[in-house]
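The first chain written gets the first letter, and so on, giving A, B and C; residue counts start at 1 in each chain.
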Amino acid sequence: MIELRNINKTFKVARRNAGFGEALKALFRKEYTYIHALKDVTFTIGDGEMVGYIGPNGAGKSSTIKIMSGILNPDSGECIINGLTPWKNRKEHVRNIGVVFGQRSQLWWDVPVIDSFELIRDIYKVDEAVYRRNLDELVEMLDLAEIMRTPARQLSLGQRMRCEIAASLLHDPKILFLDEPTIGLDAVSKIAVRNFIRRINNERKTTVILTTHDMQDIEALTERILLIGKGRILLDGSLSELKKRNSEYRTITLEYSCGEFEEIHGITKQSQINGHAVFSVDTNIITVSDAIAHLSKNADITDISVVGASAEEMVVSLYEEFKI
Amino acid sequence: MKQYLSLFRIRFINSLQYRAAAYGGMVTQFFWGFMTLLLFRAFYKSGAADFPMEFSRLSSYIWLQQAFLTLFMIWYFDMDIFNSITSGNVAYELARPVDLYKMWFTKNVATRLSRATLRSFPILIVAALLPKPYGFSLPYSFTNFAMFLITAVLAFLIVMAFCMLVYISTFYTMSSLGVRIVAAALSDFLTGGIIPLPFLPDNVQRIIGLTPFASMQNLPFLIYSGHIAGAEMFRGIMLQVFWLAALVFIGRLWMNSALKRVVIQGG
Amino acid sequence: MLYGKYFSIHLKSQMQYKTSFFLTALGQFLTSFSVYLSIYFMFERFNRVEGFTYTEVLLCFAVVLMAFSLAECFFRGFDTFPTIISNGEFDRMMVRPRSVIFQVLASKIEFSRIGRLLQAIIVFAYAIPASGISWTYDKIVTLLLMLISGITVFSGLFIIYASFAFFTIEGLEFMNIFTDGGREFGRYPLSIYGEGVLKFFTYVIPTALFQYYPFLYLIGRSDNLLYMFLPLVGMLFLIPCYCFWRFGLRHYKSTGS
């Protein structure tokens, strides 16, 4: 159980301006600005939930993660995770969490992966039997058998990320923080990582908190999303709810051999070239089936597809809506 | 030429941003100079007759050394250059329409000059206020000062040309650390960085005098205080010009063959 | 033991780059060798400095060099702490259920310092018999205390240096005064720099407590038994260093940078 109540955090940062004169001036005097990184952040995450934590760069995502993992203490507010306050009971708390920073590595660069794993086992004081069981399971699930004896520096990015995730789960954490776990991965590796995260959440009931810019991750994995912008939680709801909010528009794409299309109220033509046309349909005005019927009246249609807003587009429209 | 100038400008502004680093450096170097002088004072007290130079001249030498540390010490290497060689990024630099030798040379000159400008004058000014014979004194004569300026510029360029050789050697060793430390250790002693060369026995001095190392900080600093004067100054300059030409020549030649290797290996 | 595990992982890693390792060790050796040369040549010219002879100074040099290289070998993690902070490695340490100070300590073990250590051993091998000291038990104990205390004081300085990195990673160069400076200027007994410097390195930074006073006892210039045990007092230096570390860590946790 993760509970955050009214968490606030302010940072003081030095300002640096461009140009030669400004650089000289900064030698003697520095100007500071205050940034309210988090304002009254409040949310609760239940055991075994999988939550997507999204927001643009600098919105406060990593500050929240740092607070929840005990690296940072807030100016005010309360955070209780499984009965502990992270920054007060750091050692006990971090025993129960696993953290994957997608852009950094926790594997020792020059030694075989298995050596890193064994060191992590000793750092977390994992019982040998538990370690064996976990390792076997993770090696099987993430398909690591081939690469365990390879030094981390020789792994591909996808292989390395799989090892990173395994390394974070060796001690059976109850909560797993994933910070951009699919960044820079190819399509195959992305899918492998996503499948694994889903399985871990299902089988071990591990609570997963996922921050990412990749909306496909969110779509594939999480039911619930938390949107943060300018330090505030702007939205806390399920992905399908969000979809409904954004569901007035459909995009209809047509392939046709001959004929003409006529725009009417509720149907807007977005493009039309060489037998390929795209329309946007406002379902508040006209139903999809009526729109298709209207469009096929004067043309010979060979193929048709109807698409709702993608998660990507929804997030863009959310960002616009909240002006972040 | 314009591209090298703008490269120079960017590096210069970049280094200016590190205000705290400049203050920290000044304090450190001032302390270092001070302690060094106290050390020599102890030896002076124990045997003034054996002292190879006037104490006030030694003081000027030490203060110039501390003030212009970033110009004349071999070990202020530019890590970017090492990294770009070992990581293979040098291939990108080769794609630009500039001469790599000149570009790296300029980059180094800019970095070192910008660090020195911030640090040198405060150190010299404070050092000038110290009581005799520990302070930084005025130059020995106008001629010596003029010669100091000329030899200092030449010495700086020789240091740069020598550093270029260390950079280029990385193309072959592919790990800069060892070469860097070995080069720094040897040059620190041979240039008079640990103790000024006049303190060495005469025969050792004579041998080092022929190497490029004696043409680095040793010559201008000794000319400034008048320890070296008259015809000896001109001999020094001749040697400097020779070494500068030789080191640049070797460097360019070596760089060309190193780059060929890179091209053949495909980066 | 966990430190042993870290030890073997570092050894394995560094042995992956043998050439670099040997060149670095050689460089370390040469660096301190050139310092040795400077002492040698100074004594070619001058017989004594403030009454100390060549072999006596060598003994002092070897103690400081050995203490420094051992401290640097094992406490290197603190010495490179600004990098650990700026590349985010420190955040990783914070999410592990072990003392942070232990993790920093174990994060780097620099075996190439063996080059400098070798120099110290050679100088010892020469100076211990050549110094003319009769090596009774009390002298041997004094020498050992000097070394242990030296390692502690240098480590303390590394910890202070690292703690500053919690506040800023710029301008830490001035700490070199005490670390590298302690090594470089500590090659001569600290009294030769004059009263003021000696006081500073007694009461502010306790370098003289392991390098100068016990040294006087060692070479028989003083028979004050207290001097023999001053290195133990020097080791207390670790306490304020640790407090400062805690203070820095608290700052880090409230700013996250």
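Convention: contacts are C-beta pairs under 8 Å (C-beta built on N, C-alpha and C of every residue); 3 or more make two chains touch, one makes a residue touch a chain.
Keep in mind that this is a model prediction, so the values were computed, not measured.
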>> Let me check something: if the centre of a chain is the mean of its CA atoms, which chain is farthest from chain C?
In response: A
> If you average the Cα atoms of each chain, whose average lands nearest the overall Cα average?
Replying inline: C
> Whole-Å distance, chain A centre to chain B centre, using C-alpha means?
Replying inline: 51
>> On a C-alpha centroid basis, what's the spacing between chain A and chain C, in Å?
In response: 46
> Once you find the CA centre of chain B and the CA centre of chain C, what distance in Å lies between them?
Replying inline: 28
> Considering chain C alone, which of its residues make contact with at least two other chains?
Replying inline: 17
>> Residues of chain B that contact two or more other chains, please.
In response: 19, 22
> Mind pulling the chain A residues that touch 2 or more other chains?
Replying inline: none
> In their complex, what parts of chain C are in touch with chain B?
Replying inline: 17, 19-20, 22-24, 26-28, 30-31, 33-35, 37-38, 41-42, 44-51, 168, 170-174, 176-177, 181, 185, 188, 192-194, 197
> Any idea which chain C residues touch chain A in the complex?
Replying inline: 2, 5-6, 9, 12-14, 16-17, 87-89, 91-92, 94-99, 253-257
> What residues on chain B touch chain C, complex-wise?
Replying inline: 18-25, 27-28, 31-32, 35, 38-39, 41-43, 45-47, 50, 52, 173, 175, 177-182, 184-186, 188-189, 194-195, 199-201, 204
> Contact residues on chain A for chain C in the complex?
Replying inline: 11-12, 63, 66, 69-73, 75, 87, 90-92, 94-95, 97, 99, 101, 104, 106, 108-111, 115-116, 118-119, 122-125, 151
